[in-house]
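Chain lettering (A, B, C and D) follows the sequence in which the chains are written, and residue indices restart at 1 in each chain.
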Amino acid sequence: MALSNKTDVPAFDAPELKELKQKVVTACHILDREGITDGYGHVSARVPGTTAFLTIANVSPGCATVERLILMDFNGTYLGGAETPPNEWPIHACVMRVRPDVMSVCHTHSLWSTLFSVLPIKLRPLHHYGKFLSADGPPVYEAAGLVRTVERGDALAAVLGDGPAVLMRAHGDTIVGASIEQAIQRTVRLAKLGEIAHLALLHGEPRYLSAEEIETFSADERFPARGWEYHVSRLGNRRG
Amino acid sequence: MALSNKTDVPAFDAPELKELKQKVVTACHILDREGITDGYGHVSARVPGTTAFLTIANVSPGCATVERLILMDFNGTYLGGAETPPNEWPIHACVMRVRPDVMSVCHTHSLWSTLFSVLPIKLRPLHHYGKFLSADGPPVYEAAGLVRTVERGDALAAVLGDGPAVLMRAHGDTIVGASIEQAIQRTVRLAKLGEIAHLALLHGEPRYLSAEEIETFSADERFPARGWEYHVSRLGNRRG
Amino acid sequence: MALSNKTDVPAFDAPELKELKQKVVTACHILDREGITDGYGHVSARVPGTTAFLTIANVSPGCATVERLILMDFNGTYLGGAETPPNEWPIHACVMRVRPDVMSVCHTHSLWSTLFSVLPIKLRPLHHYGKFLSADGPPVYEAAGLVRTVERGDALAAVLGDGPAVLMRAHGDTIVGASIEQAIQRTVRLAKLGEIAHLALLHGEPRYLSAEEIETFSADERFPARGWEYHVSRLGNRRG
Amino acid sequence: MALSNKTDVPAFDAPELKELKQKVVTACHILDREGITDGYGHVSARVPGTTAFLTIANVSPGCATVERLILMDFNGTYLGGAETPPNEWPIHACVMRVRPDVMSVCHTHSLWSTLFSVLPIKLRPLHHYGKFLSADGPPVYEAAGLVRTVERGDALAAVLGDGPAVLMRAHGDTIVGASIEQAIQRTVRLAKLGEIAHLALLHGEPRYLSAEEIETFSADERFPARGWEYHVSRLGNRRG
């Protein structure tokens, strides 16, 4: 498994990581600015073609800077950058290890994901923002405890399966994407979907989207560059 | 049909469009600032006396600038300005074509319109902000899929009929006005009405306004200059 | 009735009105800043010892400036300042005329007052912020139509009676005080009470305050200088 | 009881109190900025090893400055600083007197604590933010009236017992901590827990955390330095 060879990974300060690092920081700031997460949560990005990833150190997403990023491999080995890994680095490592299609992972304490994680009702798409989900919505990781161990990370990845998102009971959510932009857009939209679904459920059974209707909406999907530009425009001066 | 003659339409850079262009940009910023829509949606304005309209390019309302406007005719022919039309330009073209009274169209992803679009309950006026609606409230366009084709645009316009607004299931809404100011005021008020109606419905059947009471309130209607001034005052420095 | 003699009223530009005018403007800004009202509503202040009052012209509270105030008497006669009275000046004139204890009146489109104005349930005190109300809460003015006539203003004042507040169906509320500071504090607190009462009612019958408990809390009442300082501190640069 | 000797307490202007004073001010600003409390409430800090504490004078938390702090002992004796004690100083004095483990007390008018204080339902942990609570949640102090007397303060302390928090009916809450940082983190998290619990309860019985699950989450607890940094970063220029 040549790709897991540490020597394939650029150094933390290598110029080819510069853009990726800035994008991870921006993604963290977006989740903070949009109120998706609070002082907790993190965004990661796979270093393309390797078994390493960049994420924020043990700091709040809103306080992220390029200097506060850390480079690790999927075993949790420190490869560079800030010296304190986030408590829940196994979320990123364990998911990326079994999902080669995943280039970015977001973990948040989203109010809406947390809400549905403790309800007797599932979160299911009823706005086209949920078109990246299946008609029966995301699964729930049920175990108590922060995901600080590889054992828990593997269990979380198993519940995620090959899907786009997993709710974490009494905790938040984990969302994956084929790019940072996609992971962020999905994370923002999962929160909006949760809010609408919560409101709608108060009035009786809402009219959910069928699998066929989701497919119709998905045919209109594009690369999320426009949403990214929008979110960046709202960051003001708070950039790393 | 002389009015549809392309030669009647001023060039995108013609001085007589300057004020209208600025007003479209301001209207977009208002919907963004007031939280009515998110990174999606658009405002259009008919070029008076023609079959052409101005709207924003494929950008977020909050990122609109005069340079990012596009001039199109009702057939979707590009007439000037930014080169990427919004995905859902047929919303504007198809409505304006059959509604000569309409000078401006707003399309948003309003939380409240989306909510009522998926409920088993109709949105009906119970605040005088809803006095521009009929007592039984706006209809719902039921079809899945973004309105990217003239076929879908025509179907949307048919559901709108000669009314002021239509909800779009799992998507948002479309509102029309005899001026940009009126379209914006109606759009803001439809959202407020949706919020109040949602809250009220949680406590049992609310006391809706009767057709007669709506008429009493409507007798007090004025040109929405005051609301416009208020919304503009809240834009701060974010202007195009 | 010597006090109604127009000659007793200082000129709009008289130095003795300067402080009162600034306070009316600040009060308007507070209601805007705190989100109690939107682009509509107004605050008035009786000119002490006369039958005249100051209020904002036909502008939004958030856009109020000293130059946009108007001086009127209780008959609606223009006495100075901006030339366009607010549409609903009879709210202030008709209430002050029959309530000599009232030095200030606030009219808002508060979400929470509007909500309770259309519910089959009354708004009753369950937080000590509601201690200025009676245990069975404020009455509701039921008639449709803006209060643009003295006839409607008198009807509103009759429903208010000798109480501190009245909800206006499908519209908002009117609150009175022995000072601008008290009227503003009551207005802010009525909105907070409405929010808490709404939330609580979703979970079954809440534990309301009894008349005796309200009395206990009221014994702790003080002049609302501290709340005023707080609200002023939040105004930032938006002052007239 | 040598520790209660007034001579052991540093003077209000003593250099060894400088950092503690700044931290109390910052803590007040955090509760204001995070919207946990409004113009009312206060934070206190025990002067280590003494029977005295620092808190804000009779001002809003958002308006706190170092100059507006007051130093008092547990009997309410004035020891220095601003001359107007907060109306409810007995909250702090009476709790600290019987709880030597408590170094800081927060009193707020939190919307969510107030809500649960009047409901027929208890606030119980269903997010790991509530892991500092027991599985059956905080008790409620039921008496009407502000806590302006030692008698009421003692009654409040008795309901608090050896727990971390107590809700105050129709009023707010009181939360204690082994440090200012911990008291603030608990206060913020109690509010978040209240919001989630409120939302969840609207959909039927939520899946609460068991005592065992709370223990699992608590094993991951750390000193709240990271949350403190986050909240401080959000204060902008409003510091005393």
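Operating definition for what follows: a residue touches a chain if its C-beta (ideal position, glycine included) is under 8 Å from a C-beta of that chain, and two chains touch if they have at least 3 such contacts.
Worth saying up front: this structure is predicted, and the values here are computed from it rather than measured.
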Subunit A and subunit B share contacts with none
Are the two sides of the subunit A and subunit D contact the same residues or different ones, given that same means over half of the numbers occur on both copies? different
Inter-centroid spacing, subunit C versus subunit A (mean Cα positions, whole Å): 47
Give, as an integer number of Å, the spacing between the C-alpha centres of subunit D and subunit C. 33
So which stretches of subunit C touch two or more other chains? 202
Should the pattern of chain-chain touching be classed as line, ring, star, complete or other? ring
Each pair of chains that touches, named by its two labels: A-B, A-D, B-C, C-D
Of all residues in subunit D, which touch subunit A in the complex? 125-128, 192, 195-196, 199-200, 202-209, 212-214, 216-217, 219-220, 222, 226-227, 229-231, 233-234
Complex interface listing, subunit D residues touching subunit C: 38-39, 58-60, 62-63, 87, 111, 114-115, 118-121, 144-146, 148, 169-171, 198, 201-202
